[in-house]
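Read through the structure below, which is laid out as structure tokens, and then see the notes.
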């Protein structure tokens, strides 16, 4: 199968990560995967949600959004509609779980890290790019906390990154762009850590179920892509965990 | 490992399905899995969402809810809060995808089937019980449409059922009750059809990532449980697809 | 006049009350009046609304809802619409007033009892069935509080039950089912205590006003029906007040 | 019993009705009952709610509101809170039912009459004053429709007015001001037409139930007050129905 | 140019101010400018918004609203729509800024003054009439605070009033009524203090831009009108600042 | 007075305009004024608001938003709060008026141009930068319509740009950054067209009123700044109007 943009089935799009993209946030990143562009920021807040008050434990929460014209057709703003779509809430929860899974929240103290992922331009894979980019913004914010003496050491246990895989015309492929995504019968998002373990698998074959063999190939492609992304994260951050 | 209620690691809780539980809906089921009890109904509406108008294609949409005191601690009603939680929206979307995946929507005509899953009592696994029960209510409603001459034949391609699996103290187990669910480090919901293919896999290891081997065991347990559930569905419905 | 279902004009439908219907709530009842089925629960919360803080006095508040397919035509969920209908708010307030009227809130201490009435199947008279059933769930929850030493004695002053009456084709009747209710020109809900006094009368003749004589008959039928319901409550609860 | 303001137990407060109070509405009235002041307007809209489209039948709907400082303590605006209180919705529905009960909606054609009752100053009895005043605004708007040839004749079947009664310290009284209302154990609103029939009775004895004898006295007082109000309406409108 | 109602281009409509219009509020005014009628009230609340807690400083906040039938065509209530229009929020903010600009909030102590401006009848210039009227209600409420010993002296620095100006058919005019306002190409609201300085200028030439010369004339007319209004305020209040 | 960043009192910050910043919108611009960065897009929609249906006339509407971490302190998303702030609605309306004032909406046909201004980084003057940048995106989108034959000629009458001015420590200054804005006693936004006429003036002296002389200086500075901005727009767009 020839892919839309000439890539091999297990090839990532060009990835570019710009650290310190904005002046205000404690951590900020512009991540570009092909034409998909997401601004990820990490903000430190000096309190925790009610269920953590008095526990000495911190929290990480994430909010994802798209500019109205990140997409080919303008989407109405959720602020104008007055409520969040189900899709947005799902993604918020996914990003939050992914990042919390690699941070030792006990060592964070009673702080909340707000992760904001704003999609400036969308071409497929925005939620997985958000996780990969937000991890860097998060680590940068935590480094700032260490530097300012707010915490003793970096409470990050592992690197984490995410990628999408899918099945198009019976062929499993890695890192789908929008054109591919809209033709895929199976769509899966994979979040993994740098020790090769799974943090999240979300695969759906609404239009056509998938077999155990297909699942195996998808997981293998995902693992390959995530390894490359984590290598890139390590280059950008320049620290081993 | 001894399970909380004496079950083997790959054993389902007692399942009971009561068809025609209510007098008004076109299809209605009370499904009980252990102490978890869900009323599932299917309602036929003579129109489709805007994006399907004029296409001749139908739609299936699902809404999930819990009675405030389905749980050990009373939960505030979403109607009183004025908005749906993210969790509810995720489950709504999951149930809808699962059921649409096995129905030939083209043959349905421009009708919407509304699936309502109301949890009367919760003890873990409410979303997967909802899918398993709702499938029966859905088929019953579609049979009624066939009987009334609204459609020529049953537009159902496959049986579908769902179950939860998870890892507690490093041990993978099938069909977690609430007590187990709250201790599980890995939590996964699996939706499969009767030909053994996956329709949806949603696994999360927020508190502890999981390896490929653990994933394999979880999928095997899930497959075993779903086979039993589909056999039960076949008994209750008495039709082969 | 022959009634739709063969009943005499002053005859109740068959009533069935199942106590301890659910495992989680402090009090729970399934009440069935003909085809009308309501799950009533009572939940104890360890705080009071702001206006009672520091007064030593407790509160009882009620929430009523219908499953979307409790009715012949599916009703959109209030949670999906994002707000409560006026009808729901009226019923919430009615149930709350009825139950508070027979409880000594001073003796309750600073607790709130949440009453939830969820209509599983509707066939007329759902709000009055809710009051009759909720009273039993409430007393059960209060008995639990006595048993746990949270309060010294049962702070319940009187039994309370409710019933609907109406005028169909100039004939007053007791306990209208939906078919009758939709034809009635006058519709009245009566709440009474076991000493034969009125707690609430809500009668409306929007489609045709009613005379003093008709009112007298309606009140007499209501009193007769409520006496039977209170006898049933006494049987189920097994305590005199 | 000596009443707070020297009135007899069955005596109304001074009533003043100013017709054509505003320049824009088709009908407008300022009604004052003691210190209670309500602006009532009637507006004609050239369409009906969806459930009446194509039926040739009209509709009357009512909206009640209080200025934030109509009361002794400022009340937050419902527009600022973003939703209507249950109390407001109850009153909206009550006013609508009362007015629809005396209008022949078939003869109205497919029009909606919007009734707005805005309480400028509150001192008890605002909902019943609203009904009494709104009836005059409504008839004025309908007369305008007759004059403009939109309808052939006045589709009003009867006069309608409303008043509150209650029991204070075991004494039934008519037309309670706020000071009395806050002390009353029983509170009842009565809506009657000019032929002495009941359109609505809403009585609640949340703080103390009431006997059949007390009910009889309350109804007698209510009837007396409403007769006076309808005489006043007839004077102001100058037409017999 | 002959004006619609015979006024000169720089002439105000007849102004009438009724102080102590309502019995409950600490300050209340009915201001009439031609057919425009606004009830302005000032209410004292014994707390401040979160950002002022503990600062010893007070706050003034304003809410503006129109009765649904203040206008020629009925407007849907914002409470019924569930949210405030942008126009309303703009006006709320404008009135608040105008009044805060002349009050020494430090001397107010930690109190909030709520200003409510409810338009009973609209004929252009409602927001500027609101400011002019609300100032009087505000001063009355503050005088009450002085009289009750809550503050030492009147913390009001200057008189403030407001008026609209605009350009109709190339002619600048003062104090536009609705008929004029709807024809104006340029629309400007001016808020000034009694020392002739500007507190707010909001001019918009959406339909036709305006030159510097036109601006000068508009400002001159505005200044003239506001001088007259402030003289009137002084008469009504009877105090010099 | 020495300015915070060494600028003269009537000097703009460095301005940078990047056209075609995004791939999807019909027009898109990144405008940078110092550290303030706004993405402005123009999207064509093939319908108009209800009040323009059937008139042959088009519409331009604008929506402004800030990324949560565009500011020094994270701001909660309006989508998460479920409603737009008053400030946002004011800015939406201001941008819309400014752009509509220079477009011949009759020649646009029944189309809506959606203008989206998303502030990526805020350092004062975001609403005026939005207008200046959005004008370019708008013209680009309209050029595309001309190229595609949807309209005959560019329906733009004039260039339009905007800038802020203010008074700090009694000194009027042009183009305030955030640090200056927070110290300014007078704050004014000016929108002008390329023929030197005013489209909008919004000046507020909440903390200290301003004299006629100060106003004159502010307007002169504003005019100077806007001339430079319009020259820049002309360079970028390369067309005369």
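Which chain is which? They are A, B, C, D, E and F, in the order written, and residues in each are numbered from 1.
The definition used in the following text is that a residue touches a chain if its C-beta (ideal position, glycine included) is under 8 Å from a C-beta of that chain, and two chains touch if they have at least 3 such contacts.
Given the structure is predicted, the values throughout are model-derived calculations rather than measurements.
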Which chains sit in contact with both members of the pair chain B and chain C? none
Since chain C and chain D share one sequence, what rotation angle in degrees maps the C-alpha trace of one onto the other, as a multiple of 5? 180
With centres defined as the mean C-alpha position, give me the chain A-chain D separation in Å. 59
Could you put a whole-Å number on the gap between the CA centroids of chain B and chain D? 51
Junction residues of chain C - those touching two or more other chains: 82-84
What is the shape of the graph in which nodes denote protein chains and edges denote touching chain pairs (line, ring, star, complete, other)? ring
From the touch relation defined up front, give the order of chains around the ring, starting at chain A and going on to chain B. A, B, C, D, E, F
Where on chain C is chain D touching in the complex? 83-87, 89-90, 92-93, 97, 100-101, 158, 188, 192-193, 195-212, 215, 219
If we count contacts the way the header does, which residues on chain E are in touch with chain D in the complex? 22-25, 28, 35, 39, 41, 43, 45, 63, 65, 67-72, 74, 77-80, 82-84, 88, 114, 116, 118, 120-121
